[in-house]
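I've put the structures underneath this note.
Look at the two complexes coming up: subunit A is in both, with subunit B in one and subunit C in the other.
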Partner chain A sequence: MRPLRHYARLLAVQMRTSLTLAVQYRFDFFLEGALALFWLAITLIPLLVVYSRRESVAGWSFPEALVVVGWFSVLKAVLDGGVTPSLNFVVEGVRKGTLDFILLKPADAQFLVSTARFEPWRILDFLGSIAVLAYAFHRLGRVPSVGDFMVGLALFGVALILLYSLWILVVSVSFRVVKVDNLSYLFISIFDAGRWPIDVFKGALRLIFTVVFPLALMTTYPAQALLGKLTSAHALLAGTGGLAFAAIARLVWKRALRAYTSASS
Partner chain B sequence: MIRARKLCKTYRVHRRPPGLLAALRSVIRRRYEEVRALVDVSFDIAPGERVGFLGPNGAGKTTALKILSGLLYPTSGSVTVGDFVPQERRTEFLHMITLVMGQKQQLLWDLPPAETFAMNRALFDLPRREADATQQELVDLLEIGPLIGKPTRQLSLGERMKCELVAALLHRPKVLFLDEPTIGLDVSMQARVRDFIRRYNESTGASVLLTSHYMEDVAALCPRVIVIDKGHLIYDGDLRTLARRIRPEKRITMHFSSVPAPGDLDRLGNCVARSELQATLAVPAAQVTEAVRAALSRLPISDISVEDPPLEEIMQEFLDGQSANGGARSA
Partner chain C sequence: MSRRPGGEGLRAVRHVLRVYPALLRVGFADMFAYRAEMVVWLLTMNMPLVMMALWTTVAATGPVGRFGQREFVAYYLGMLLVRIITGSWLVWELTMEIRHGTLASRLLRPIHPLWAHSAMQLAAVPLRALLVSPLVLVLYWVAGERLPLHEPARLAVAVAAIAGAWILLFLVMAIIGTLAAYVESALSIFDVWLGAQAVLSGFLVPLELLPPWVSQAARYLPFRYILGFPVETLIGLESTTSALHELGVQWLFIAGSLVATLALWRAALKRFAAFGG
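And now, the complex of A and B:
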């Protein structure tokens, strides 16, 4: 019980620190929150353009595709608010060598870097995305059944695990390739493809987005679950995939930590 | 407390050649260069001891401290600190040590030091009352009470270092690794940081291992020094003994009431500094009494003092001598 209490206390302190920082720069954060909402609106444009000519794309109607986009935006809000800030924190730590101080603390380093920073104002973004989802279901003229909703929620958990695991993999690479700015940019660019239902992609890309960088598991499958279109086999695949990724990420992280040689001073 | 045996650390550095074409080629065929940062370094440090690591830039001091604190794996050789192998980074081990680096800070830049203290208290899972008492004690000792509520970025370098020390000592470590803790500080701030470290050592019985390239800094704090040069341990012992061995001489500084005749001065010893009414002579230690007596009787002395030659100079001579005879070891 003691470790659990220790980590709960740590999480509380880390969140308080992020909040204190956020309050210091509240103007920036409000501005960024507003900008994020603006970008959310912008991301809808390609979808509107494509669907202005056609009724359905790869078997997805406009409101259905909107569910994917809404889901994608929810995830992106979580990514921007809870994951990317910590990523930047670690990358800077590796570059400046201040990650040393994290490694000298008697707590799991992965936990510490993962909870280092949050951007609380991203909650705006998150709420905006929920609104898009709600609108999509309004257009569809129905609501997900309780069962579908629960599966969707579970897959949301899987999606978070996947996102987080991929992120840990990126961080692990940053231990070796110190200049990782491009890497996080690449990560975000690839993630952007998640706004499209997986059926839009063909061949190799489709395989990559299912297995290597499992966007399908992160956005398409949960959206399908909400729409009541996901088979249980796929749901199982998503669950297993999430756990496998988490295990791999933990393993790679452990090895990377071993290889880490702090910046020379 | 600390035991290092035949410690070696070799960094493998990827060489990036200049020019785009060469850089592209190097992506395919990576060329590695080996930097031998530590070569067969062995030493023991007892509990409560204060030991200084001396050596020029790039000697391997930081590397040694990083290995001792578990941040780096040694390429070969073995280390134990207490009963622990640092690289395993066990919880008990991390509770026992601390590392302070003059060139890196753990204080959160945009927040007051008090926030970092709170963070460290949570990280080390310190009971509240105990942590309050320790923090208060350290803050009082360093006289930084009014500072810990100000954002770190508004503090001066010296103030920041004091706060770094508090952050690093809240968990009352038994072994202190201090990497250039006085770098960039002015002389009086250096002295205060040194004083604080000595008091912490004396009151808690913690071992202190400190690196610096300021000789005086180390001499004032550490009865024992370990000199490293190009990764080799070249001396382990008392600094004054080393100084006496390298330069068994004293400096006699004289002030005159009138300009002395030049011949009189030269007969007394080797003149290393000279102005109109002042002169400094280098005299073999054994002949100091005689030289002072002669000076007093022959020269128009208004003031006279006898000192050791500056440590920086001695160390330079020592290092030059070592590289002249191929880095041969002696201790």
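And now, the complex of A and C:
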């Protein structure tokens, strides 16, 4: 149990550093908070336009699609607050060569880079997204059953694992192709498609968003679980898919690290 | 730092014309040095494709307003095309140069930094055009009869509209980027601009599908003239006469932004010199 306690303490230290950094820029807190709500509103506009024209799209009614958007925004808040800042930190570290300092530290490198930076003010996005979810269920006129809620929570865990694994894969790429400032933009721009239920996509896009960049597993399936519409086969698929991705990501990370030669050499 | 008073304006223009080809060559070489980055940047432009997939699913049960499935495909392909051709990185470069102080070395060169930047950004256009040429073929295949290929007048307006969109976006980025001399969060301001542009330019959803008061208001705002207007002209959603009228509005916005850019630049330089020492 000692290593676990050791890493828990390390995590606390890393979080404290991020918090200290964040409170230095108090004005940013409010600015970013306001921006978060602004972007949430922009996320909703295409949905509102589509559903002003149609009662249902690809079998999804407005409140049901709103559950997907709400879920997507929750994940996006986690991504922006806990994942992207660290991603930018690593990409910059690879370019400047400062990543070496982290690799030298006597702890797991993957753990250290994954927890390098957090943006605490993203908690505002998170709360806004929960409000959207609450409104969606208010429109539906019911609440998820305890069982559905538990499945949804489990799939939230799977979604986090997937998000994190994809991120580790992106970082591994940044080891090989150094000048890739746009990499985190790319990641976010693809993730953006997750606001729509997977059923609106056909053919190749659908395959890509289910298997290659598994957005369906991250947003549509959990939303279906909350709505009580997810079959147990799909739930099982999501679970195993998540674990498989995590395993692949860890493997690729290990290999990429072995191939990593710092910027100076 | 503006060393050229108005009287020497003509000489200045001749000077710019003389060095511009060299600047373009530098920009072009720079672009090729970062090919991978260019491809990654292109891949980040996937939003119109996602919106296209969504709307074709919606339109499968019947057209939405004037838009059937083919119109949606043509619209979002056109959007992708114009977005890629007219996009630039000026605002990021400018804010970085001002914050890091590297603008100082640019000011020492005998050419206005915005001219130099415009050459760097313009040099990216041929390579981008090459990369998006398959898109043009798909567009031709989907909406060949709608494209202004056999109407020289509309073709001219469409080309002028795309060129105007490039200039307008460049100037807007110049204005917001120059603000970095005054406020720390110039990039946050640009974020807000991007958000407003996503909705009010027709990037996310064709403007005519928004509530009428929004699409009316959009005609009096600059956003539409950066994306929606060139796209609509290109794929034939606008008649040549109304497109010509709107082209005038677009160039009015350009003239206004140009005046604002130059005035702001002049004021900001005094400030930059002050805190650069």
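Quick note on the criterion: the second predicted complex is superposed on the first by the 264 of 265 C-alpha atoms of A that agree within 3 Å, B and C clash if a C-alpha of one lies under 4 Å from a C-alpha of the other, contacts with A are read in each partner's own complex, and residues count from 1 in each chain.
By definition in this document, contacts are C-beta pairs under 8 Å (C-beta built on N, C-alpha and C of every residue); 3 or more make two chains touch, one makes a residue touch a chain.
All values derive from a computational prediction rather than experimental measurement.
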Touching A:211, do we find subunit B (first), subunit C (second), both, or neither?
neither
Who does A:58 touch here: subunit B (first), subunit C (second), both, or neither?
second
Now for A:189: first (subunit B), second (subunit C), both, or neither, which partner does it touch?
second
May I ask you to decide whether A:201 touches subunit B, subunit C, both, or neither, giving the answer as first, second, both or neither?
second
Is A:31 contacted by the first partner subunit B, the second partner subunit C, both or neither?
second
Quick check on the superposed pair: does A:134 touch subunit B, subunit C, both, or neither? Answer first, second, both or neither.
neither
Touch test for A:42: subunit B only (first), subunit C only (second), both, or neither?
second
Taking the touch rule as given, give the residues of subunit A at its contact with subunit B in the complex, in rising order.
2, 6, 9-10, 12-14, 17, 20-21, 24, 96-98, 100-101, 103-107, 112, 258, 261-262, 264-265
How about subunit C: which of its residues touch subunit A in the complex?
34, 36-37, 40-41, 43-47, 49-51, 53-55, 57-58, 61, 64, 185, 188, 191-192, 195, 198-199, 204-205, 209-211
Please give the residue numbers of subunit B that touch subunit A in the complex, ascending.
11, 62, 66, 69-73, 89, 91, 94-95, 97-99, 101, 103-106, 108, 110-111, 115, 118-120, 122-125, 179
Residue ranges of subunit A in contact with subunit C within the complex:
28, 31-32, 35, 38-39, 42, 45-46, 49-50, 52-54, 57-58, 177, 179-183, 185-186, 189-190, 192-193, 196, 200-202, 205
